[in-house]
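Across the two complexes that follow, subunit A remains constant while its partner is subunit B and subsequently subunit C.
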Partner chain A sequence: MLGRTLQEVSAALKQGQITPTELCQKCLSLIKKTKFLNAYITVSEEVALKQAEESEKRYKNGQSLGDLDGIPVAVKDNFSTSGIETTCASNMLKGYIPPYNATVVQKLLDQGALLMGKTNLDEFAMGSGSTDGIFGPVKNPWSYSKQYREKRKQNPHSKNEDSDWLITGGSSGGSAAAVSAFTCYAALGSDTGGSTRNPAAHCGLVGFKPSYGLVSRHGLIPLVNSMDVPGILTRCVDDAAIVLGALAGPDPKDSTTVHDPINKPFMLPSLADVSKLCIGIPKEYLIPELSSEVRSLWSKAADLFKSEGAKVLEVSLPHTSYSIVCYHVLCTSEVASNMARFDGLQYGHRCDINVSTEAMYAATRREGFNDVVRGRILSGNFFLLKENYENYFVKAQKVRRLIANDFVNAFNSGVDVLLTPTTLSEAVPYLEFIKEDNRTRSAQDDIFTQAVNMAGLPAVSIPVALSNQGLPIGLQFIGRAFCDQQLLTVAKWFEKQVQFPVIQLQELMDDCSAVLENEKSASVSLKQ
Partner chain B sequence: MAAPMLRWVGRGRRWTFARVDGGSCHRREAPTGSTSNRIRGRSSVAQQPLYTTQKPRKGEHKWAAVVGLEIHAQISSNSKLFSGSQVRFSAPPNSLVSFFDASLPGTLPVLNRRCVEAAVMTGLALNCHINKKSLFDRKHYFYADLPAGYQITQQRLPIAVNGSLTYGVCAGKKQSQVIPKTVRIKQIQLEQDSGKSLHDDLRSQTLIDLNRAGVGLLEVVLEPDLSCGEEAATAVRELQLILQALGTSQANMAEGQLRVDANISVHHPGEPLGVRTEVKNLNSIRFLAKAIDYEIQRQINELENGGEILNETRSFHYQLGCTMSMRDKEGKQDYRFMPEPNLPPLVLYDATSLPAGADPQQVINIDQIRETLPELPSVTRERLVQQYGMLLEHSFTLLNEVGLLEFFQNVMKETRAEPKKVTSWVLNTFLGYLKQQNLAVSESPVTPSALAELLDMLDSRTISSAAAKQVFEELWKREGKTPGQIVSEKQLELMEDRGALEQLCHSMMEAHPQVVMDLKKGNPRAINKLIGLVRKATQSRADPAMIKEILEKKLSS
Partner chain C sequence: MWSRLVWLGLRAPLGGRQGFTSKADPQGSGRITAQVIEHLERLALVDFGSCEAVARLEKAIAFADRLRAVDTDGVEPMESVLEDRCLYLRSDNVVEGNCADELLQNSHRVVEEYFVAPPGNISLAKLDEQEPFPHS
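Here is the complex of A and B:
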C-alpha cells in the first residue's frame, strides 16, 4: 500500500481497502524506521492521527472531501503551520511556533490531507544539497536502494557503504526523501531556483514548480519573494496534478496571485498523440559540465518525441549564461531584506547580550544564522547600497527581463514546451558534495533550473532512468506561463513512455511485499 | 530633500492664515528677494524675508533661509495600510496587531483600498498629478519599533506629484492684510507608520507598542519654498484644514496624526544653498514656527561666528525652546531601498482608461473620486466673503478655530442681525472670551441660540450695545438664563422714556456747572463727559445718540 501512488491509494481509501488511520499508522511507523534519513525535522504524529480519525469518520459517513482526504502528506519546514514548530532549519527560528497556517497548508488540510510532519532543508532554503541546516544533512533513500547497492557491489573500488551515502539535492531534500522513502504520498517543497526540481531529480520523483502567481505564497517563509513558489513532490505526474488542483487559485492574502480563472481541477488528459507538439531544445543548456549520461538521456528523450511524430526544434535562450550571476544579485538582495525581521525581538532566537539594542541585534543574528545565510545577507546589503544599486540590482533586473524575454521568444517561435536536463548529473555522495562550498554548489546545481524562476514559468522534473550507478536521473520540461496543465499533460505522456523504476527499499520497509507488488520492470525505452 | 523642481502647477488657490508675531520672522530689512526667487523657482506673490545677525554691520551680507517640510499625516481609515487590524488612538498596547503588523515570517502585505482613495483625494485637493501607476519600495533600517526591519513606502514612483498649496500670511500695519503664497508639493506618498518605543529609564528597558505599526500615512513632501517659521506654520495649518475637510486625516497634531519634519538651511541670496539640518519632533504648529525660527537664527549665528553647519538631525525641545542634535541618529543612514516584491504596481484608472466591464471593487477611478471632493477651505472662505460680505481675513479666522465656522453659521441661522454685526460679535467678543479663558469653541458656555437671541435684541434696539456686552458677560457665567431673562432681571432695556431722559440730562447739567461752562467756552469735547455721566446714571440703558441729542438741544437753548 505504501508504495502506491497518491491516486491509487486514494482509490483504495474510497473503496475501503484501507482506512485513513491504518494508512497514517503505517506511514508513521515507516517514518520511525527511516529516521536515519533525517527527512523530517518535526513529526506531527498526534496531529496526523487526529486528522486520520476525522477523515475516517467522513469516509464512514460517505462525506469524503475528495482525492486528498486521508492522504498522508509532508510539508517543508519553511511553510508556517499553526501550532507546529516551523524552523527553516535555522537556530534563528528554533522553537518558533506560528499562530497560523500557510495558505497551501490550510488548503491541504481543508481537503482532508494528513500532515505527517515538517521536512528538513538547507537553512532558510539556501542550498542545493539539503546539507546545510542545523538538523544535519538529509540522506538520499536511493543510497539504500537495491538498485544502487547492487551496482556498488559490482564496483571493486566501492568504499564503506555507510559513510558513502548520497545527498538528496535541495533545498527541499527532506520533502523529496519523505516521498521517495514512502513515508507520505506527496510533499510540499519550495522552489526559488530549483529547490523542488533538483531533489526530485536526485530522488527519482516528479518535482513540479507551478507558474508564479498560480499558488499562494502566504505563509511560506520567503527566500526570494519574486521567485519563490510552493513546489509539489510526488511519485507521478497525475499525483502532482491532483495536489496542484487543491492548491492553485487566487489568495486574498497574497497580492501576487492571479485572479484570471484557471482551469480547475487539473485533470490531465492522456495524450494519445504528440504529433501536434513542438518540443524546444535550448542549445545553451548543452554545457561541458553536463555528465555524458544525462546528456545522452536528454538526447534520447528528444529522439523519443521525434519518433512519435512531435516536432523537435533547437532553440536559443541567449542570455542563459548570465542567469546565475543575475540570480545571485537578486537573490541575495531580497534575502538581505527578508532576513531583516529576524532581530530577536519578537520571536525566534535572542542572544543573552543586552548592553544595547544594536549589540543584541548583532549577536542574535550572528548566533541565529549560519555562514551561508550571513554571507548572502552581507552581499545583498552590498548590492543594495545607494552607490551600488544601479550597477548591480538595477542591472540584474534588466538582465532578468532579458532572460524572461528569451523564453517568450522561444515560445513565440512555436515551441510548446522546452526539454532540458534538471541537474548536471545524478546525486553525489555527501563526502563528495561538501568538497565545494554552498555558493559554488548552488551556482552549479541551479544552472538548468533557476532561469525558470526568473521568468515565473511552470517547470517539472520527471524521473527518466537510472544511471550506470543505479541512481535516478531527471529531465525538465518548461511550459508557457500559466500553461501548467498543458505542461503536465506532456510530462504525463513522457512519464508513461519512460517507465521509470520504483525504488527498492526492502530492508527499510515493514511491508516489503507492498512495494514489490508495485515494482515495475526497469524502463525499456531509455535504459542505457 | 532633492534639488528644487522648477515646474509649478497651480490650478487653484488654497489659503490659510495665521496670526504670528511679525518679529518671529526676523523681518528687519526691506525684502528684495528677486535673486533667490530665481534660484528656488518660487512663485509667491510676497517677497521673502531676509535675515541679518542681531547687530547688522555696514556692508554685511543678508541671509535668506530655505525651509522645506516633510509632513506625515495618518490616514483616517478603519484598518491599517496593509493589514486588517483596526486603527484606533489610545487602545491598550499591542491590542491592534495582526500577524503582518508583527512581521511574522511568511505574512504578506495586502493594500487597503480606503488608504489609496484617501491619497488620491488628497492629491487632487492639492492640485497634484495623480500617477496612474505607482510603486512600493522597502526602506531598510533597524529599529525596535520597526518589526520587519524595513518600512514599505513609495520612493521611486509615488502616487501623486507636482502639486501646490496656497496659504495666506498676514501683513500690513495691523497684520490685517492677507497675502497669498504658494508652496509647491513635490510628492505625496503612501507609507507605513512605525510602532512606538517607550523607554523605561528606571529599569533601563524599552517597551514596544505595535498598535501604530502599519497604520497608513500620507507623506506630503513640500519643496523648499518656505522662508520662515510663520510661512511654515500657516502652510501646515492650511494643509491640516484641507485634510480635515477631506476627511482623509484627522490631522490632530497632539495625537500624532500630523507630524512635521523641517529641513532648514541659510545662505546669502545669489549663492548656493547652505548645508541643511533636519528638525524633528515638531508636534504643534506653534512649536513648528518657533523651532524653525530658532534653527534659522542658530545657523546664522553659527556661520557668522565662523562655525559650520553639520548635515544632521536635530530635535526641538519645547521646554527649552531650542533645537538639539539627536545623537542616536548620527551617522549617515543608507536605507538600501529595494522594490517591494510582494505588491504589484498600483494601477489607477480614469474615465478614459477604465477597462470595460471592470469590477468596481477591483479598480479605483480617479474621476469618480474627483466628483466626491467636498468644499475646500479656500472655497469656503470665498463663499463667506461673497455671502456675508465679510473681510477675507475674517473668513480665515472663522476657519482657523475648530468649530468657529459652525458656531457662526448656527448664529446666522437664528438671528435677524446683520452678518457684519454677527461676524464682529463672533470674532471679537465671543472669540476674545474663549481665548482669554483658553477654551475651545465646543467648551463655550454661550450657545449659538443665546448669542442669536442677544443679537436680535440688539438689532431691534431693545438693548444698547453696552448692555448687550453686559448680557453676554452674564451668559458666560453659565447660570442657565436666557438673554431675555437677564435683560428683564437687570432692567437693561433701552431707556425709551424721553421725558425721563430729558429730566436726567437736566439734573446732570445742574450738578456739573463747570462742565457746562467749559462747553459754552467752546470746548465741544466736554459734552462727552456729560454723556458718560448720564449713561452711567441709566446703567448704560440709554442710547448715547439720544442723550447727545437732548444735551445739545438743552445747551443751545
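Here is the complex of A and C:
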C-alpha cells in the first residue's frame, strides 16, 4: 500500500480497502524505521493520528473531501505550521512555534491530508545538498537500495557500506527522502534556485516547480521573494497534478499571486501523440561538466520525442552562462534583506546580552545563523552598499531581464516545452560533496535549474533512468509561464514512455505488512 | 583569545592596502578594507568571525564581477516577473487580529503586552573595543 501512487491510495480509501488510521500508522511505523535517513525534523504523530481519525469519520459518512483526504503528506520545515515547531534547520528558529499555518499547508489540511511531519533541509533553504542544517544531513534512500548496493558489490573498490552514503540534493532533501522512502505520498518543498527539482532528480522523484504567482507564498519563510515558489515532490506526475490542483489559486494574503482564472481541478489529459509538440533543446546547457551519462540520456530523450513525431529544435539562451552569477547577486541581496527580521525580539533565538539593542541583535544573529547564512547576508549587504548598488544589484536585475527575455524568445520561436538536464550527474557521496564549500556547490549544482526561477517559469524534473551505479537521473522540462497544465501533460507522456523503476528497499519493509505492490518491472526504454 | 590576534593580524595588512574606492574606479571591488568589514558588520549586524569568511566574501565579489562582461545598455532592471500585472489589494476590512497572546508567546522577554528590548541608542562597539568572541 505504501508503494502505491497517491491516486491509487485515494481510490483504495474511498473503496474502504484501507482506513486513514491504518495508513497513518503504517507511515508512522515506516518513519520510525527510516529514522537513520534523517529526513524528518519533527514527526507530528499525534496531529496525524487525530487528522486520520477525522478523515475516517468522513469516509464512513461518505463525505470525503476529495483526492487528498486521508493521504499522508510531509512539509518542508520552512513552511509555518500552527502549533508545530518550525525551525528552518537553524538555531535561530529552534523552538519557534508559529501561530498560523502557511496558506499551502492550510489548503492541504482543508483537503483532509494527514501531516506526518516537518522535513529536514539546508539551513534556511540555502544549499544544494541538504547537508548544512543544524539537525544534520539527510541521507539519500537510494544509498540503501538494492539497485545501488548490487552495483557496488561488483565494484572491487567499494568501501564500508554506510560511510559512503549519498546526499539527497537540496535544499528540500528531507522532503525528497520522505517521499522516496515511502513514508508519505507527497511532500512540499520550496524552490528558489532548484531546491525542489535537484533533490527530486537525485532521489528518483517528480519534482515540480509551479509558475511564480500560481501558488501562494504566505507562510513560506522567504529566501528570495521574487523567486521563491512552493514546490511539490511526488512519485508520479498525476500525483503532482492532484496536489497542484489543491494548492494553486489566488491568495488574499499573498499579493504576488495572480488572479487569472485557472482550470481547476488539474486533471491531466493523456496525450495520445506528441506530433503537434515542439521541444526545444537549449544548446548552452551542453557544458563540459555535464556527466556523459546524463548527456546521453538527454540526447536519447530528444530522440524519443523525435521518433514519436514531435518537432525537436535547438534553441539558444545566450545569457545562460551569466545566470548563475546574476542569481548569486540577487539571491544574496534579497537574503540580506529577508534575514534582517531575525533579531530575537519577537520570536526565535535570543542571546543573553542586554547591553544595547545592537549588541543583542548582533550576538543573537551570530549564535543563530551558521556560516553559510552569515556569508550570504554579508555578501548581500556588500552588493547593496550605496557605492555598489548600481554596479552589482541593478546590473544583476538588468541581466535578469535579459535572461527572462531569452526564454520568451525561445518560446516565441514556436517551442512549447524546453528539455534540459536537471543536475550535472547522479547523487554523489556525502564525503565527496563536502570537499567544496556551500557556495561553490550551489553554483555548480544549480546551473540548470536556477534560470527558471529568474524567469518565473514552471519546470518539472522527471526521473528517467538509473545510472551505471544504479542511481536515479532526472531530466527537466520547462514550460511557458502559467502553462503548468500543458507542461505536466507533456511530462506525464514522457514518464509513461520511460517507465522509471521503483526503488527496491525490501529490507526496510520486511516487518511492515506493506509489501511493495504494483512493483513495475524495470522495463526501461531508455536503458543505458 | 586567539581570534583577537587573528583580527589584529588581519587589519594590519589591510590597513596598508588602497582604501575602498568609489564606483568611478573600474577595478573597484576585490579589496576588502577594514573599514568595509566594519561597515558591513554594522549594517548586517552579523560578524565575519574569521579570515575565511572575509576570503569567502572576496571570492563572492570576484564571482559577481563576471557580470561586468554583459552588455546591458538600454535594458531596464527587472524587479519582478509579474511586472506586467496589476497588484491586487484587499478591501480595507478588519478580518483578523486580537491575537496578542499568541504573538507574545514566542518571545523570550515579555512584560505584560510589551516585547522587552535592551536600550536602543547605543551604537555597536567598534572592533577594537569589542570582546573577542569565540571562533564559530
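Operating definition for what follows: the second predicted complex is superposed on the first by the 520 of 528 C-alpha atoms of A that agree within 3 Å, B and C clash if a C-alpha of one lies under 4 Å from a C-alpha of the other, contacts with A are read in each partner's own complex, and residues count from 1 in each chain.
The working rule: a residue touches a chain if its C-beta (ideal position, glycine included) is under 8 Å from a C-beta of that chain, and two chains touch if they have at least 3 such contacts.
Every value quoted in this text rests on a predicted model; they were computed, and no experiment measured them.
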Subunit B versus subunit C as contact partner of A:Ser255, first or second or both or neither: both
Which of subunit B and subunit C A:Tyr347 touches, first, second, both or neither: both
Partner chain(s) touched by A:Tyr361 [first = subunit B, second = subunit C, both, neither]: both
Which superposed partner A:Ala102 touches (first subunit B, second subunit C, both, neither): first
Which superposed partner A:Lys151 touches (first subunit B, second subunit C, both, neither): neither
Partner chain in contact with A:Lys14 - subunit B first, subunit C second, else both or neither: neither
Touched partner set for A:Arg295, first subunit B, second subunit C, both or neither: neither
Most subunit A residues touched (candidates subunit B, subunit C): C
First (subunit B), second (subunit C), both or neither touched by A:Gly456: second
Subunit A residues contacted in one complex by subunit B, in the other by subunit C: 96, 99, 226, 252, 255-256, 259, 336, 343, 345-347, 357-358, 361, 381, 385
Footprint of subunit A on subunit B - complex, ascending: 99, 102-111, 138, 140, 142, 144, 147-150, 206, 208, 334-338, 341-344, 362
Subunit A partner contacts - residues on subunit C that touch it in the complex: 20, 22-23, 28-29, 36, 39-49, 53, 56-57, 59-61, 63-64, 66-70, 72, 75-82, 85, 87-90, 99, 102-103, 105-109, 115, 117-120, 122-125, 133, 136
Residues of subunit A defined as touching subunit B within the complex: 79-80, 86, 88, 93, 96, 98-100, 102, 217-222, 224-226, 252-256, 259, 333-334, 336-337, 339-343, 345-347, 357-358, 361, 381, 384-386, 389, 393
Subunit C-facing residues of subunit A, complex: 96-97, 99, 212-213, 226, 250, 252, 255-256, 258-259, 319, 322, 325-326, 328-329, 332, 336, 343-348, 350, 353-363, 365-366, 369, 371, 374-375, 377-379, 381-383, 385, 387-388, 390-392, 394-402, 404, 437, 439, 443, 454-456, 481
